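Everything below concerns the one structure shown next.
Going by the order they are written in, the chains are A, B and C; count residues from 1 in each one.
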Amino acid sequence: MSQSKKLALVVQSGTVDKLYCAFILASTSVAMGWETHMYFTFWGLQSLVKGAMEKASLPGDYKHLEEAMQKNLEKMKYPTPYEMLKRLKQSGLCKIYACTPTMEMFGVKKEDLVPEIDEMAGAATFLTIAADADVQLFI
Amino acid sequence: MSQSKKLALVVQSGTVDKLYCAFILASTSVAMGWETHMYFTFWGLQSLVKGAMEKASLPGDYKHLEEAMQKNLEKMKYPTPYEMLKRLKQSGLCKIYACTPTMEMFGVKKEDLVPEIDEMAGAATFLTIAADADVQLFI
Amino acid sequence: MSQSKKLALVVQSGTVDKLYCAFILASTSVAMGWETHMYFTFWGLQSLVKGAMEKASLPGDYKHLEEAMQKNLEKMKYPTPYEMLKRLKQSGLCKIYACTPTMEMFGVKKEDLVPEIDEMAGAATFLTIAADADVQLFI
């Protein structure tokens, strides 16, 4: 049977280094034809608030490397995290989930979030998908 | 065969955001009837020292969100991380492991820890359980 | 068939607590005869720059625990992270990967890195290995 492989990511972080990790893994997964699921929670969920991902930066401990990294990314013409998210959605292979408990904890409403989200969901949805995935990672 | 599914978590973090992630995943897992294993190491292990989990806070980069989050948690009557740990234990489906190398590295003794721990164990115990789990995550 | 089990780690972090987590899991995996794969990216990759791992320290939030931890590690005669890496390589069971996109983002060249690396690779290499692993974790 030629069933495709499946990747399930929890994106708990909202710093640009972790967002790049998540989106590079997801983009690679989609490029290999894998079904790809990204479950955004806590700071990851907060980065889905409209306008937030564009402001994502490095964690405090690494702030001194931000400028050099941004320069290299520009030189490489590397897409931004949000551009990567939009391309992932266009592939038709990637589903984006927003964590409902986080939304309640931080008073975030559905209309505050970017339109690329497929589903508002709790942890049961993620665990059910992850149990059936070939690769599961918490980022 | 109706064998239940299994979740294996490494809890390396001791900040309240990551503790909530771990306990929400574990509580959901238990609610779905899954066998649930939580292996506490480093800052996660330190949060098992008596009285420590009650003082867990957000990481430095997110301190400014602490007050708003705590207010929402109270409004939601959300259980604290330690209350969630105690409920997990009562379910009979969740086992708690304390990482022995961490205890030695930080001079933590068994009697310093909360009584909910099932087993002091090293990485071999975790890997053996994880290899047989449906979902494994490092938090 | 007596095929050995397999561990696949992403090492995204470069702080000494996370490096110890990664190397303790990898060393235990090797001691159990498992095939072990460590994919170093972002701050993990930066810790593979010659001389960098020896300077790895605790994250900012935990700096106050550094001295006590280092004293206990000396008392335990615990190997340093880089010593653990070298032993892992000697086992013949552990492969070390350096993330090529990270190298480009931070202007790191092959000759800047320690000689223990087996392969410069992108995310596709990691995902392919991870999909076939018994335990996969993002550290």
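Keep in mind that, in the parts below, a residue touches a chain if its C-beta (ideal position, glycine included) is under 8 Å from a C-beta of that chain, and two chains touch if they have at least 3 such contacts.
This structure is a prediction, so every number in the text was calculated from the model and none was measured.
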Proportion of interface numbers common to chain A and chain C (over half same, under half different): different
Superposing rotation of chain A relative to chain B, computed on C-alpha atoms, to nearest 5°: 120
Whole-Å gap between the CA centroids of chain A and chain C: 24
Contacts with two or more other chains, residues of chain A listed in rising order: 60, 136-138
Contacting residues of chain A [partner chain B, same complex]: 10, 12, 15, 41-43, 59-60, 101, 104-107, 122-124, 126-128, 130-131, 136-138
Complex contacts: residues of chain C adjacent to chain B: 5, 7, 17-18, 20-21, 24-25, 27-29, 31-32, 34, 60-62, 65, 68-69, 72-73, 76, 78, 134-139
